[in-house]
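Per-chain residue numbering starts at 1, and chain names A, B and C are given in the order in which the chains are listed.
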Amino acid sequence: MELSSEQLLSLYRVMLIIRRSEEQLARSYAQGLIHGACHTYVGEEAVATGVCAHLRSSDMVFSTHRGHGHALAKGVHPRALIAELFGRETGVSHGRGGSMHLFAPEVGMMGTSGIVGPCILQAAGAAYAFKLKGTDNVGVAFFGDGASNNGAFHEGLNMAAAWDLPAVFVCENNLYATEIAYASVTRNPEVATKAAAYGMPGVAVDGNDVLAVYQAAGEAITRARAGKGPTLIECKTYRTRSHAEGMRDAGYRTVEEIEAWKQRDPITMFRKKLLEDEEAGEAELQAIETEVQTTVVESAQFAQNSPYPDGATATANVFSESTKT
Amino acid sequence: MAYEIVMPRLGWTMEEGIFVEWLKKDGDAVQVGDLLCAVEGDKAINEIESFESGILRIPPDAPPPGAKVKVGTLLGYILAVGEQLPMGKTKIAALNVQHATSEIQSPLTTADQATKRPADHPTISPRARRIAAELGVQWQAITGSGRTGRIVERDVRAAAAMQMQTEPRSELRVSPLARRRAEELGVDLRTLTEAGKRIEVADVEAAAKQNLTEPALSLPKGLKDLSGLQGIPLTNVRRVIAERMATSAHTAAAVTLTTEADATEFVRLRQAIVADLKDADVPAPSYNDLLTKLVAVALREHPTLNASLDDDQIIQHAAVHIGMAVDTERGLLVPVVHDVQAKSVQQIAAESARLIEQVRTNKIAADDLRGGTFTITNLGMYEIDAFTPIINLPQCAILGVGRIVAKQVVIDEDAETVAVRKMMALSLTFDHRIVDGAPAARFLQRIKRFVEHPFGWLTR
Amino acid sequence: MRELTFTAAAREALTEEMARDASIFVVGEGIGPRGGNFTTTQGLYELYGPMRLRDTPISERGFVGMCTGAAMAGARPVVDFMFVDFILDAMGELINQTAKMQYMSSGRIQMPIVLRGCIGIGKSAATHHSGSYYSIFANVPGLRVVVPTTPYDAKGLFKTAIRSDDPVIFLEHKLLLNNKGPVPEEEYLIPFGQANVARVGKDVTVVALAAMVPQALSAADELANEGVAVEVIDPRTVSPLDTDTILQSVHKTGRLLIVDETFMPCGIGAEIAAQVSDRGFDDLDAPIKRLNGAFAPTPYSPSLEAALVPDAQSIAQAIRDLLAE
């Protein structure tokens, strides 16, 4: 798939929005502006960016506890993300969710989740609905290596393959399930090879190379839209911050390992490539960087100025209107 | 040894099935695995294999093909060569598939019983305490009949009845002004009576002052005069009627139209039907039954009246469910004849007879009291003409039917001829929030026409 | 009026609704060409084919999660568990995802899903096929819980369940499935939260659910011979619960017995008793009594099974005891 300069710069811009937003959230966490958990996506930006570049707002993304990047790449504004983590009414879930329950169905962001696994089943289910209704939309699940050891992975991939559902399963293999080394809890740490057990294609790509992710996702999504069934994509990547903000990031991985992955930073690598390939000049990239920085700072300001939700609304939307009595 | 072939259980929920047919004949040799017969369970027809080898014998009184039989019913035998049909077993009966229920002590869970309290420390149920207060009964002196010696409602009511029997009745005499002042000050007049004395304003005001200082739990004075003013507790039905009527009166924009219809033909029609059914074993339709049918036809032509208000939308109902106001011992109840549009007069008569019987004997099902889209109330038997019925919310309208009475009526204005005709008064109260005056008037006019010319609706 | 069995009435509701709305599909084990273990879908596969009558692998968690995703994407799934005991494998999906989705998305995503299965003790089904669990479900915000007794209720409530935008647990007692009763030809729906006064009486109120309703009615017949008029109330839905009708009855009778085949601790009887104590204290002429099935798993042997469950005799005795209070 050939990309225009405009498309390449768009990928760069989305990755940068994720990075700057996460850095802003990390700072805000330290300042006490975030009330609950905050799992950042720093280091994994190429995955969400490369996959979501192919998606329409009518395609549906189901995500994990580490889902800020997926929400931003799917079209959620940083303002709505940051306000949500600040617990404000203007947040993407009106302060009901926080980091792990980001919902923006209007752009096809069908939720991040506090539970590992269900997103796989829900993406298969959305795919079932698309097939039932005869649309060419796709359901996409993002999940970590840890989810591949969960029953939902087996049940979801099995059913999606059995019924040729238009789903794409994107495993972000960052080597650790929370703080347990993936290789220590499975005899087969090559996630992509597990696809064979379900009779579906499995692809492993460098998750820090946005173009590689873009390429693999494009093929899988085209295949799904054409009614040819699901694909498992394993993106080998790494988070360079701790599991969650404020947590001790030691005892399970080494400083050297972290440093080595930082040398393979997806944004730095892509920036270098854009300049080398003469797809963009330094001034052009700096303009994007300034614009993104301004957007994120303005978003944090917006979030901080937003009101908290009214306590009287805390029980709204437990049920729909249809069975109220 | 004779092997019994029985109706098999084909699934957990099956209790009986249909014996479809034999696939072998009486006297045929049968091998293990041969198909013996077909039976139909809950789901499908199944062919039954033989578990034994031998000769199939079908007793003469075995179930015939197509018979519905219980699981376990004997169908036939497989016998060894030369073996006779078992003696004394010619009568085909269902085997006992019911298992004996256990005689052991039931382990069902019930909460532990409260322990009996000492007699010098009587307890009273909350309800009995409330009723004692309502009836002015001093409960501390009552012996309770509850399991733990608790005073319960029946004890309080018995005590109240005793008081009424043993103490002379006397009318309260109260000046009108004193009565009004008592209401303003919240003074219970029963607490003020001294024998024979008329209560004046001063008595009320003095009592009000004293009430401020008296402890709340003190017993009412003058308990002996209770009988004269005893409050009748609201029954459940009365309470519902009270709420519904008040809500209707407060919320509906009720307007009543009245008219008079010449019911001579209508009366003749009913007499003819009654005469026709004289020997039949079915209830003859009442005027109400005929009106129910007639109104249903009119409602189908005027659907704006077959409507109800639900929050902020008007719902027009396709089906016509007509409620009939019935006076019962418990109070006014409105059983509903459902789907009148689809029923014949005869069906309506049978159903209304059942509903009235059940409502009067307190056996009516809840669903028979629900779902009305229109109500008819008839006070004709009490010699009432026009009246202003209250709308049975959320319905749109109610038809009040007055008496049918012979009157002198002008037949031809120009020829100045009069005749004696049977006239019926009709009142339609409708909710102006749902429908306007003109369409409601057209509807009532249609009913009037239908009463005067029954063929207009009989043919529909 | 014509008579149908409980199952046929519910099936007729499903058939009519599937004809009305093409986004309805059914999943379950053996619900396709086989027509369902309890004939819940008999004849529907021929009408609607495999996409709308989907035979599944034995992946209860998987297909509940999948149907949750399908509902999020605008389909209206019906999950047929055969025995509702199997739903326990999907409790995480059901409670964490299905039930909470509307709330988490602040009402932007609806969850029109029906989860049905047979419940109850009887027919030597033994302990993995005899559970009812409605008290557990009723404790979850976001779930509607329906327990019909008659064929009439089964059809009217099933239609409401299917049209509801909330997740509905529809529980069908195995001893009622073959019972016949009047069912009108024309369409009707029964709203949730409306109890049925199955018998009118003035002396004592008995609240019963599902298979306990016919037992309570026979007990009432027996007591009528002793001059006691028993009022029998069938709440029909456990969530929402029609406490008002129960309170009205207790206002009349002053005495309340709750008969529940399921366990006493933290059960629906405890909830009803607490609500009546709260709101109807001054109407009570005796302590509220409960009669429950024994607090034990369900045994196989008929003599053990029968000893476990209230019946007309034990109910009649409990009523006599209550009248003596």
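The definition used in the following text is that a contact is a pair of C-beta atoms (placed from the backbone, for glycine too) under 8 Å apart; a residue touches a chain by one contact, two chains touch by 3 or more.
Keep in mind the model is a prediction, meaning the values are calculated, not measured.
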| note | Ranking chains by how close their C-alpha centroid sits to the total C-alpha centroid puts first chain C
| Which two chains does the highest number of contacting C-beta pairs join? | A-C
| field | Intercentroid distance (Cα basis), chain C paired with chain A, Å | value | 40
| query | Where the CA atoms of chain B average out and where those of chain C average out, how many Å apart are those spots? | reply | 24
| query | Per the centroid of Cα atoms for each chain, what is the distance between chain A and chain B, given in Å? | reply | 60
| task | Write out the stretch or stretches of chain C touching chain A in their complex. | result | 23, 25, 51-52, 54, 56-57, 59, 61-75, 77, 92-93, 96-97, 101-111, 141-142, 144, 160, 163-166, 168, 191-194, 240, 242
| Any idea which chain C residues touch chain B in the complex? | 35, 38-39, 42, 123, 125, 152, 174, 177-178, 184, 186, 196-197, 200, 248, 251-252, 254, 263-264, 281-287, 289-296, 302-304, 306-310, 314, 318, 321, 324-325
| field | Of all residues in chain B, those that touch chain C in their complex | value | 12-15, 42-43, 99-102, 104, 106-111, 114, 125-130, 146-148, 150, 152-153, 235-236, 319, 338-339, 362-367
| message | For the complex, give me every residue of chain A touching chain C. | response | 60, 62, 93-94, 96-97, 101, 103, 105-106, 110-111, 113-115, 117-118, 120-133, 137, 139, 151-152, 154-156, 158-159, 162-163, 316-323, 325
